[in-house]
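Quick one: this structure, given as structure tokens, is what I'll be asking you about.
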Amino acid sequence: MQHEEESTLFGLMAEFETPDDLLVAAKATFAAGYRKIDGYSPLPVHGLGDAIGFPRTKLPWLVFCFGILGGICGYGLCYWVSVIDYPMNIAGKPLHSGPMFIPVTFELTILFAALSAAFGMFIANGLPQPYHPVFNVESFARASQDRFFLSIEADDPQFDLDKTRNFLNGLNPHEVAEVEN
Amino acid sequence: MAQVFPRSANWASKASILAALLIVASILGVVLNINRIDYVSMVGVAIDQPVHFSHKHHVTGMGIDCRYCHTTVEVSAFAGVPPTETCMTCHSQIWTEAPILEPVRASFRDNKAIEWNRVHDLPDFVYFNHSIHVSQGIGCQSCHGQVDQMPLMMKAHTLNMEWCLDCHRDPAQFIRPRDQVFNMNYEYPANQETLGKSLVADYDVQTSQLTNCSICHR
Amino acid sequence: MSEAAKTPYKPPVPELGPGQTSYTSITEKISGIVLTRNTPVAWFIFFAIGFLLLHGLMVGVPYLLFEGVGIWGLNNPVGWGWAIINFVWWIGIGHAGTLISAVLLLFRQKWRTSINRAAEAMTIFAVLCAMQFPLLHTGRPWLACYWLLPYPNSMDIWPQFRSPLIWDVFAVSTYLTVSLVFWFVGLVPDFASMRDRTKNRIGQVIYGMLSLGWRGSAIHWERYEMASLLLAGLSTPLVLSVHSVVSFDFAVALIPGWHTTIFPPYFVAGAIYAGFAMVLTLMIPMRMIYGLEDFINERHLNNMAKVMLASGMIVAYGYFMEQLIAWYSASTYEGFMMQNRMHGPYSAYYFFLILCNIVVPQLLWIRYFRTNMFWLFFVCQFINVGMWLERFIIVVTSLHRDFMPSSWDMFHPTIWDITIYVGTIGLFTVLFFLFIRGVPMISLHEIRTLLVSKDHK
Amino acid sequence: MNDSIYEESTALHPYLDTLQQRALIVGVLGIIATIVGYFTAHEQFFRSYLLAFTFWIGLPLGSIGILMIHHVGGGTWAFSIRRLLEAGSRTLPLMFFLSLPILFLGMHELYEWTHLEVVAHDDILLHKAPYLNESFFIIRTFFYFAVWGILAFFLNRWSLQQDKTTETYPTHRLQIISGPGIVLFFLTVTMASIDWLMSLEPHWFSTIFGVIYIVGMGLMTWGFMYLVALPLSRRKPLDWLITEQRLRDLGTFMLACVMLWAYTSFSQLLIIWSANLPEEITWFITRLEGGWQYIGYGMVLFHFAVPFLFLISSTMKSKTKLLSFLAIGLIFMRLVDLYWIIAPAFTKVPAEHGPSFHSTGITLHWLDLAIPIGIGGILISLFFSQLKKRILIAQNDPRFTDLFDSDKNHG
Amino acid sequence: MLASSGCELRQAMYNQEKYEPLEASAFFDDGLSFRNQVTGTVARGQMMLDTHYYQGMVDGQLASTLPVTVSQELLERGQERFNIFCSPCHDQTGSGNGMIVKRGLKQPPSFHQQRLRDIPVGHFYDVITNGFGVMYSYASRIPVEDRWAIAAYIKVLQLSQNVEFDQLPAEDQRQLQ
Amino acid sequence: MAEHDKSDSNPGYETTDAHIMPLAFTGLSMAVLVIVSFISMIVLFKVFAYYQPIFDDPVPSLASARITSDAPRLQIDPPAQKIALELGNKDILSSYGWVDEQVKVARIPIERALALTSQGQLPLINQEQTAQ
């Protein structure tokens, strides 16, 4: 069953030449009630996320939490090692020598936060995903070079092959292509 | 543009990342524990010896005290491996024909020491003193295990530094009355926690110094 | 002032040269360096030189491991010789990359886009070179992991968290990790471009794997930009901390000449100083070899020279404060150290250092020297040497005359000091040229954004 | 455009007058209290006065420094508050007059090294005597003010010149003077911080001290500029220039200063604390006992942690009310910071022989608040009166035109 | 970095170029790192001129007195050492039925025979020092002080198994009745 | 190979399949066989055991005489022997008793003897002559 469905159509894809065209088209598409849409561009297009109705990413919160976690781990590590597990009098410093634990705490805060930023982004984006239906479109190779694409996916409730194609053609694209699944 | 990758690449890529993580984790696990496994630490492994001397037979069977052979254990750093003469004290009379004892007799005849292989071989940068442990109430058994039950000698503990420190940080866990040091069947009382503390105080064990580097590394 | 009155105001040159007008041309130009254009002869020459120098490391390191650190010129008062000098030098060089990619991103300086990829690569390679020295200095690096890393080892001992050397381990390894991650994150969309441009099946697979299946989705870009911004925000304090921690290696000790509170900011400034000099040392030839005049133009040179000038003045401020407080403190030891530094056996080095780091770079006040490639390159070489000398002066002059005159000694580097140092230069060169050969050396997707703002103009 | 901005600037005068008058009233009240304090608590007076002086000089000096950085580095943020900064820099003469009481009345009360009988028995002070003596101190202070005055004079003069001509040479001159000017500025402010603050405890020294002082001044100036820029952003002619983004930028600069302050202060603490040398650590011992440590902890919390957490979030940074509270808090914490540097120097346990470093305990005198309020009121009043003297947007700066274009696009 | 894994594995410092007690030596012909004293040398503390103490002899006769002061500690020490070194053959009562004897060693005489009760205490010292019959010398295993302690203890052991009722204090007499 | 070629529609794998019923029948019959042989072996052994004495030679008289003691000659449990010895000794060493009540010679616990002799209440040897 599912196999059958997948093999038919992923959606329709319109090709544009400039980011502004894409932005305008995306806004129009969203306004027309389509929700399962996505834009593809070789560079980040400001406002495109808003235009296709993507809410603000929660990534900063993740990073903040991981940063705090890293800080706790860093200070906790220093404290546990130096005070609890391996207490040793070094240069007459108190076992709990706060200022000297700060550098490691700081570095681990950064490390945790930075790793969570990068990997959080990849995971949230579902990468790695080497295979994706959009790659089936012949001209899509230029999505990473100099062209801008807008796709409306077939499982959008409003999707209707002919109507949607007409709609996309109305947005003055360079080309509209069917995306095989 | 054609697809570069087949559809299966999607799960394969994720699975391979996961697998790589797992492999790294397991390698780390091995590295962390390599010194703790018996293969490396030789715990429970009987090293081949020129004579298959049985502590079990001599101690449990014959009732010979540790100090009968390891005569210097109470007074020096080194417990002492008995000279052939000690063996021959009895074995000049009994089991005189036993082939298993031929190396002993040969050693006695030729005045050549038997070359025992060390079982408890600490690194050379570790200074271990038997006498202080014995006189402060650390039983033989605490480090060497149930030697009286060992037909062939083997390590009972890793002798890794973490094992040493386990006691040095809190000797009250293992300390026993002095007259029980050579008792191979000593059982720690239920109130070892309190008893240990009082013994540590009685024997004037300076716990604060026991983890100084120079206590063992001199 | 009269000259100023005559000089008319010159508006800044745009970040992107006139030759680049479309996304297509940018993509072609930059990816072509890797994919289509013939590898220039200069590449082979530089690579060969680097590969030759790399043998210094190939020979030096095994011999060092076999014989021990005694083959170096270390002696009793000077227990830290070239190893720490080279370490600090390399780490310092690394700092420019992060500064360009992170700090300038936060300050929305668009000129950074054409140099940040190469500068970050330089950071990573420099940190790799740097890391070798403390590791090799342990004599037995294979043992070093339990001295350096806190893991539950069978000795039940832990690194000493009150030691700045452990802070160094954390700082440098965090720095390397975060730099690598940041670099890779920046590369992912470009790998996608490469995947889509290459005709070679193997290239498609390799770039395809590296690009993680990037398809430039708008949602992805949203998260991607946020992640880049966050990484930049995190890298900025990180880069400050790394050289500060390196400076703590010295400052936390009680040696006169090391123990001074200005060290952290002064080291950071020195690192940026040296790093920009190295970036320019690399980018000026790159620009010529690959014809990148559109991407690296007068504006970039000018701005980088300005950054160098600013950081150089902070370094000079550090020197000045050291001198001033050495006198002001009325400490005999500080005073002697300064006297010895200036008038002792190493005074020639000291004054050459002043020449390299302070006197010559004063040329950069003049716009001509900031934008003339030859002179800029010339000044950069002085700074590269001068920053190495600075670490030499800090390490050697502070140590070689100990508190006890009976333990005074001079430091003489051996052939192995030189071999291994030169070897790391070789390693750096080889890695850098491999990078140029296999990876787009200018960030494609970020350069494209320049075109957007240009369109709007 | 020039004309309309002139009109709009003039139209703003009544508003600025109100602010100026209010500040003046507060200032006069504070000055009266100050004069009362001079006669009732003579010894304490100069301590509090030094606190107020070193605190408020941050405004003109910070303005000069930021102006020069702007001229060297450019940046869109700077044009929006350039006239504010220039007005700030023109308050410098007042601070010069306010420095005279320290030089000619209070030096002996404040600085141990002016006591010749102490110096004669102290090898370290004898060593420093060529530098730390009364006449050289006075000469140096005059010199600093001369340098700052010259910088401020030309920064203002050429900026005004640029208003009147479309040729670009005044801007170019500003750029030319600013580079060396920053160098001179850093050196003189560093020396001034050594003179005014570090030599309160003449045995102590720290090479980073000047940097900490400069960063603190920057923080205070950014905070002050935010507070002034915020109401102006709702009024013509600056309403379109001081956008939300610009205000956020000011927040970012506050964040940068907060972080730099934490970084430099922590570096100083860590290096001195870990080395534990008797000639250095004593300064911290005085300040980390007898109740002073709580001020120290408070600064970790309110001079760094809390503002840091608020400022890293761009959402929080957009909340102007929150940020203006934060700016007030940070300016206050700057005062506390200086208080923590100055006041403990006078609370040492008297010792028979040799220097002592233990603190007798925390003290707070009403003058410690009254004098800063008095001086601050006068200074702010002067600031507004200076602000009125020029139109509020600098004209004809060629860089401004470039950025203004891009600004329209982003806006 | 790879090389650093397993970094705690044995290294050169574990076996340094120094001798531990009883370690074999490749340097000396006899293969011992332990050096025997050169014949004829007398080290400090080896000037054993006190024949009573060191040889158990007084005027060429076995000493009938102890060269050490009898005390509770000495006797307890003697008891402990006796149980360690002597009891395997002599058993703890001194009857000569120790475990080793049960395994085939020639039975030593019981201490509780009149001949040995009457023998001077120096005899026991002498036997421990020099051996007797099939008994080996224990001189290398038992220090002089301990030998006297054992000798004294044997005397007490003999006495405890053969004491005249009249000599006992009243308390013990009560116990017997 | 030849067989493969014969089939025109070669699916690439073996098409024939095993028959279940004969296999099951074989298994079942083997199981029955095993059970039957076990049972018959039990019976057989019982029979042998019953008749064996009849075929054996008569037992020599020494054979029964040789088993004189329950204690094995090999030391099966040396520790027990050791403990027994120790306990016996301890008993002797810690109790009062008469060696010969007639001549009033007794034994006393060793601890007591140690105490008495060290306190001089029992004459050990002539201590006045002790040297040192």
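Every chain is named by a letter (A, B, C, D, E and F) in the order it is written, and numbering of its residues begins at 1.
The rule we apply is simple: a residue touches a chain if its C-beta (ideal position, glycine included) is under 8 Å from a C-beta of that chain, and two chains touch if they have at least 3 such contacts.
Being a predicted model, the structure only gives us computed values, none of them experimental.
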item	value
Co-neighbours of subunit F and subunit D - touch as defined	none
Required minimum of steps from subunit A to subunit F, each step between chains that touch	2
Chain whose averaged C-alpha position falls nearest the assembly-wide average	C
Chain at maximum distance from subunit E, centres defined as averaged CA atoms	D
Subunit A and subunit E, separation of their C-alpha mean positions in angstrom	84
CA centroid of subunit B to CA centroid of subunit D, Å	68
Interchain centroid distance [CA atoms averaged], subunit A/subunit D, Å	44
Cα-centroid distance, subunit C relative to subunit D, in whole angstrom	34
Residue numbers of subunit A (touch at least two other chains)	60, 88, 91, 93, 97, 100, 103, 128-131, 135, 140-141
Touching two or more other chains - residues of subunit B	1, 4-5, 9-10, 13, 35, 61-63
Residues of subunit E whose C-beta touches two or more other chains	5, 8, 99
Contact footprint of subunit B on subunit A as seen in their complex	87-88, 128-131, 135-141
Residues of subunit F touching subunit E in the complex	81-82, 85-86, 89-90, 92-93, 96-99, 104-110, 112-119, 121-127, 129-132
Interfacial residue positions of subunit D with respect to subunit A in the complex	266, 269-270, 273-274, 276, 313
Residues of subunit C that touch subunit A when the two form their complex	22-24, 27, 150, 156-164, 166-167, 170-171, 174, 177-178, 181-182, 184-185, 188-189, 192-193, 195-197, 208-209, 212-227, 230-231, 234-235, 237-238, 241, 245, 248, 444-446, 448-449, 452, 455
In the complex, subunit F residues that touch subunit B	75, 78-79, 82, 85-86
